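Note that chain A is present in both complexes that follow, paired respectively with chain B and with chain C.
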Partner chain A sequence: MLRYTLTRLLQGVITIWFIATATFVAMHAVPGDPLSGAKAMTTDMRHNLEVKYGLDKPVGQQYLIYMNNLAHGDLGISFTQKNRSVNDIIREHFPVSAALGILAIVFAALGGILFGALTALYRNKWPDTVIMLMVILGISVPSFVFAAFAQLAVVKLNSAFGISLLPVAGWGTVKHMILPALVLGLGTMAYLTRLMRSSMLEIVNADFIRTAKAKGLPATRIFTRHQLRNAILPVITVLGPAIAAITTGSFVVELVFAIPGLGRYFVQAVQQLDYTVIMGTTVFFGAFLVLMVIIVDLLYGLIDPRVRVN
Partner chain B sequence: MATQLPPDVDAILPPGALEPLHSEARVQKITRPSLSYWQDAWIRLKANRRAILSLYLIIAMLAFTLFGPLVWRVSPSAQDLQQVSSPPGADRSAVIVPPYRPWTDAPPPVARGLTLAAPATTQYVRLAWAPLPGAVDYRIYRDIVPVHSESALGLPLGTTGSPAVTHYEDRLDLTPGTAYYSVVALNAQGVELPARETLRVEVDNAITVAEATERGLAAPNATLAIGDTVQYRLHPLGTDYLGRDMLARLMQGARVSLFIGLVAPLLYVLLGVAYGSIAGFVGGRTDQLMMRFVDFAIALPFLLFMILFKIAFGIGPGESGILPMVVALVALSWPGTARLVRGQILQVREEAYVSAARLLGGRTGYLVMRHMIPNTMGVILVTLTFAIPSAIFTEAFLSFIGLGVAPPNASWGSMSNDGIKTMLSHPHELLFPALMISITVLAFNLLGDGLRDALDAKMRSRE
Partner chain C sequence: MRGVRARQRWIRTPGQQLFALMLLAVLVLGLVVAGLSWVSGRSDVVGGVDPRTGTVTLSLADEPPQLDSSMTADQISSFILGHVEEGLLRFDQNNHLAPGVAERWEIGATGATFWLRDTAKWSDGQPVTAHDFVFAWRNAVDPKSASEYANIMFGIKNAEAISAGKLPITALGVQAVNDRELRVEFAYPVPYFAQLTAFNVFYPIREDFYRATGGRYASSADTLLYNGPFRMTLWVHGAHIRLEKNPHYWDRDQISLNVLDFPYFTSDPSARINLFRDGKIAMTEIGQENLEEAQLQGWKINSFMDGSLFYVEFNHRPGRLTRNRNLRKAIQYALDPAELVNRVIKIPGYLPGRSLFPMWLDGVHGKFRAEYPVEEITPDPAKARHYLDLAKKELGLTVLPPLILLTGDTTLAQKEAEYYQETLRRTLGLEVRIDNQIFKQRLAKMLAGDFDMVSAGWGPDYSDPLTFGDLFTSDNGNNRGEYRNPALDRLVQIARTSTDPRTRMDAFGKIQQIIVDDAVIVSGYERARLYVIDPVVTGMVRRVTGPDPDWTRARITSAVSR
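Here is the complex of A and B:
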């Protein structure tokens, strides 16, 4: 187990190194440099800025500096916001995204497991049809459309009741989190529902279910203890990629709901071509995702004895 | 009959006893027609009502894109300034009014409340009201939603400047429809007093003879009289915030969205098939090396490379980047397909029919092209159908955050982005592009489900 963990961690570090290198190479392969987009400047000014950001050195040396800084956890300084380090930006904005993401994941996982179990239980009856219809919709409608119509619905509800039931946008209280987390988790929930349903239906025919029935266990016990527990396992495996989907999905949701998270900041950096912020955030997101997938895989080994790696 | 049979045998057996019996060919006859894999799959697909309906939907969508602009010949970039943000089915008739003349004569005094001094048209709305108690000045508001006692009164239009002036003329960006005018009394310090009056006004379209002629709304030799009505141009799905025809823009947007949605997946699935089948077939160290590279390529951040390709193609922040979008999608999405195809090839490689073909002297190229790729085709086709909606989603997402298609070009994603800004007052501007994206993605998803059920027994979802 320890050896497996260490191997996975090493693989993760290599992946992050690769992402960082690819990002670095890509940034330097592009014509122009971070300063060329700025306002007209004299050669002296330009030279001073190049010295400040280390852009006057050869690319190889810049790469070493960048990697050295990265190894020390220093992601550099923003080009468009003077004297603000990328670390500061991440420290300030990531907790917001993380809070939103966790709520969305909880919502998606609970909803997915519940609805998936319901569809399997009422297979080919009306709850199955209705839920699967919603799932198809959830997969087919882009998140920004959901976000927009959720806002519209809340505005209409608020004006219909004459009181503010839920805030439409912004950040600060738990109430602010509900709507964006719901929208953010919806796509993943649809996907998990589908997965849970097929996993449940697969398990119905398993030997241990037949044994349980033969032993004369009550149906509810078979359902909760044998079927549900085993069906949840595949759902856990996809939680890693699901977290990835939710982090990338949060770009749009944060934009629409005006949430000061890292996703919205990243999109802004993209629009302003703030190179260090783009690079730093990319490496950070990459590392975060790699870590999440490793954690989920290890967790899976702990939960399911069959896949426990020696 | 080389050897002569002994005579006694002839005596035992009657003549003709050693003739072969008539063979019963019917026993082995196959009663059903033989079906190839694809014929069988097609029959199964045809039985799936949802998948077939989706197929029709996709064909309809393609026809809408390709032939729509031939039928609906309205320029997607032409502005109709008389009808900005008009919803579908909006009132298109306009009354011919005389050219505007300033309101110089004071209206007759009003007994009570707020009234209209003249019929309300988009040319002007003239209000007159009875003096309010304690008023030193009046402020006039206009709102597009009903005004409650608690809520705000809407857009402040101006003040009359004197308690003696109890009339007001509004000419500011008048749009047809319902408007709620409010008059609030102000005290000497300019603070609003509780005394107020609100009036619901139906504003009608109005146009002068000169304008109507200029915009070609009347027949060339027809004479227009004051009080006649003319019809504005028809926009079946309404207009957007710049007065551009939604239907024409949706058709133009469909070209971009479907182009990216179809071309990019096709290219990257092909690339993935080539890469994956080589890795799977060659095997060994080459395979290991190739798959390690895939592992890394999967981890590359999409958004970053999208930006980079855009810059590399020399496309500025405010310009459309359709080509970079396709390149980025192809460059970063193929590893998934490559992985899947490699796995399939590894499975198929061990099948008996491949070994048989190899024993019969089949060359590598023949084995791959004739046996392996056709036998993984089902999985590849299903991947392709699911890749299309995700590419359409990606295009919409990129255009939505301002990286994809930029004005004046349209795509469904960029139209949704525009529509979201005016969502509260004009929901149709978001609804139609969102509907197009959703219907297309839904159709491809359902078709993909159907194809998976029809083509691949192992991947078949349990019904």
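Here is the complex of A and C:
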């Protein structure tokens, strides 16, 4: 088990190195210049800036310097957020995205598993039809539409009741989290519902269910112990990457609800060619994703004895 | 089996069991929420206007990227800095220059002297001295700090050489005669120097405090020192900024608001409209996309000309078709700024662009444009086609290849580009290809000269016609079309160095004529900003130059909010 874990971790490090290198190359290949601003600069001023950010050196040397710093955990200073290190940006903004993401993922997972089980249980009856219709909506409608609608609905509700039921935007209290978390989790919940439904239906006809029925086990016991537990496996598989994706922030949801999460920095950095922030957030996101996948693989062993590694 | 049967007494079917699980899920969700609330803490954000505490709450489009005043180059940072810092001079409620830290000043052809008031204090109670200005200004031209606005200092003696690393920063032509007297030497006459001192790069910075922050100056609320009407008491990065009245500010009796709160950072216009509708913020800008909604709400929509000019700039580099004057004249006579503003943009307040110099600029006694009326180009398809024929003859072409129009990625930029494309096709049979690019890539293409025409714009740095007048000189890096005209260069040199207002304005009048005659650019429009504001707040000032909007001397007039 330990050996397996270590191998996986080593593979993870190689993956991250690959991500970092690919990002570095792609970033420098994109046309545009991170130092350019709306106002023109003299060649002297430009040179001063290049020296400050180390861009005066050849790209190969820049790469080596970056990798060396990365190995020491130093992600550099942002080009656009002056005097702020990328480490600080991640340290301050990742917890915000993570808190929001955890709430969203709990909401998505609970909802997805339960609704999925419900639709499978009442296959082709009205709960199934209604829920599957919502699922199609949830998957196909992009989150910025949900975000805008949810926000408008809260404005209307607040003005109808004359009190502030939920905040329209902002960050600070749990009340601020509820609406964005719902919006953020909706897509994943819809996806998980569909996954759970098909996996439940697959298992209904499995041999071990028939055996359980033949043994005369009560329906409820078959449902929870055999059907649910087995059907959850594929859901757990996608949950790992989904957690990584949701907790590292969503640009749209953070923008609409004025949330100081990491997602905004990630997208803005790309738009502004903020080299260090692009590298920092990509490597961080990559590392997080790799870690989640490893955790899920290990978790698999706990849930399903068949895939346990010695 | 007994245990199973016992459980079955209250859960009979899988459906009921699922229902029980759902209840459990809601419980778990509740626990998670409670847990998160314990982690996240509380915030005390109030409504848009709170007369009880004297608080006005607003939103910011983004986090201020740079609050070191000697380095700031962006609008959000200079907006915040304008509320917490003060230069030698400032702009008053009528947008006129007024004494700031300096109580009087003299500006001559070779230099300037400022006398500082005794009562000007930093937020830690220490006096603001002439040395604080010397330190800040040296910092701005120091090649090591690589300030993007260093060139605004180049009117000061040796500033340019220092920025190029040829002289030490101590050679800068600014000197503290004593704590209360600051003397400046010019490199050339700077008639608009008084205005520059109100600009953020000219704000003071205290050296001992700056050094004590160990390279982290202005990266948080407590690594910045304040000498303006407000001081920053809270800065949660990306989330929340709070400014409170500065008890040490010399003119504190004129400051009515106690708190300016910014708990929302979002650039999403509809999110801001929703916040305003919900009474959470006291003011918001209105864009084209939500103008209709604002009108439906019955809000009073205010309009403000922000002083910037937008235009089509031609590529004058050798080998480009648009280097041909007759082709440019053809395009100039085909396009109609009035149609662009009234039919395409359709935002009230926008003015058709006629000249390089916007309407708001001052001339000798009155407005520049009244004293030096521009020759208006009336759109004339026949004339346009005539010029096109001439151009074709000169270029030796019967059919012109497609022209590339470089533009931004906003909805407005797209609409504008489509208008140009369609008009030129209809009137002249020219094919125009639109090249949409994000900001940085558009800049890169502009610098590389990878365009025939580009939708460009310019906002003023200071309120003198020179801020527009020198845009197309050979030595200006913002002259992305690389227009070269020795006659124009000479006129700009006169405007830069003369101290006689009449001579300078005559020069600008001639520059205005050259831009039209030679079709260096085709003016599009002068931009307006629309906004709504809670009517109980008065005294907020919009500014063309300087921190905008300015809330420093705003007050809450009535106890009833909306």
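List of remarks:
Note that the second predicted complex is superposed on the first by the 294 of 310 C-alpha atoms of A that agree within 3 Å, B and C clash if a C-alpha of one lies under 4 Å from a C-alpha of the other, contacts with A are read in each partner's own complex, and residues count from 1 in each chain.
By definition in this document, contacts are C-beta pairs under 8 Å (C-beta built on N, C-alpha and C of every residue); 3 or more make two chains touch, one makes a residue touch a chain.
Note that this is a predicted model, so its numbers are computed, not measured.
Aligning the two structures on chain A places chain B and chain C in clashing positions. In the superposed model, A:D207 makes contact with neither chain B nor chain C.
With both structures placed on the common chain, the touch criterion links A:L152 to chain B and to chain C.
Touch criterion met: A:I136 reaches chain B, while chain C stays clear of it. Between chain B and chain C, C contacts the larger number of chain A residues. By the touch criterion defined above, A:P218 reaches chain C but does not reach chain B.
In the superposed pair of complexes, A:F285 makes contact with chain B only, with no contact to chain C. Look at A:V256: by the touch rule set out above, it reaches both chain B and chain C. Put simply, of the chain B stretches 6-14, 24-32, 132-140 or 312-320, the part that bumps into chain C is 312-320. Shared contact residues of chain A, touching chain B in one structure and chain C in the other: 30-32, 148, 151-152, 155, 159, 255-256, 271, 273. Against chain B, in their complex, chain A makes its touches with residues 15, 18-19, 22-23, 26-27, 29-32, 124, 136-137, 139-142, 144-145, 148-149, 151-152, 155, 159, 162, 198, 201-202, 248, 251-252, 255-256, 266-267, 270-271, 273, 278-279, 282, 285-286, 290. In the complex of the two chains, the chain A residues touching chain C come out as 30-34, 36-42, 44-45, 48-49, 51-52, 80-84, 88-89, 92-93, 96, 99, 102-103, 106-107, 110-111, 114, 117-118, 121-122, 148, 151-152, 154-155, 158-159, 164, 167-174, 177-178, 218-221, 223-224, 255-261, 264-265, 271-273. For chain C in complex with chain A, the residues that touch the partner chain are 4-5, 7-8, 11-15, 17-18, 21-22, 25, 28-29, 32-34, 36-37, 39-43, 45, 59, 63, 65-66, 68, 71, 73, 143-144, 146-151, 163-165, 215-219, 236-240, 263-268, 270-271, 274-275, 277-278, 280, 438-441, 443-445, 447, 476-480. Against chain A, in their complex, chain B makes its touches with residues 145, 148, 150, 295-296, 299-305, 307-308, 311-312, 314, 317, 389, 393, 396-397, 400-403, 416-417, 419-420, 423-424, 427, 430, 434, 437-439, 441-442, 445-446, 461-463.
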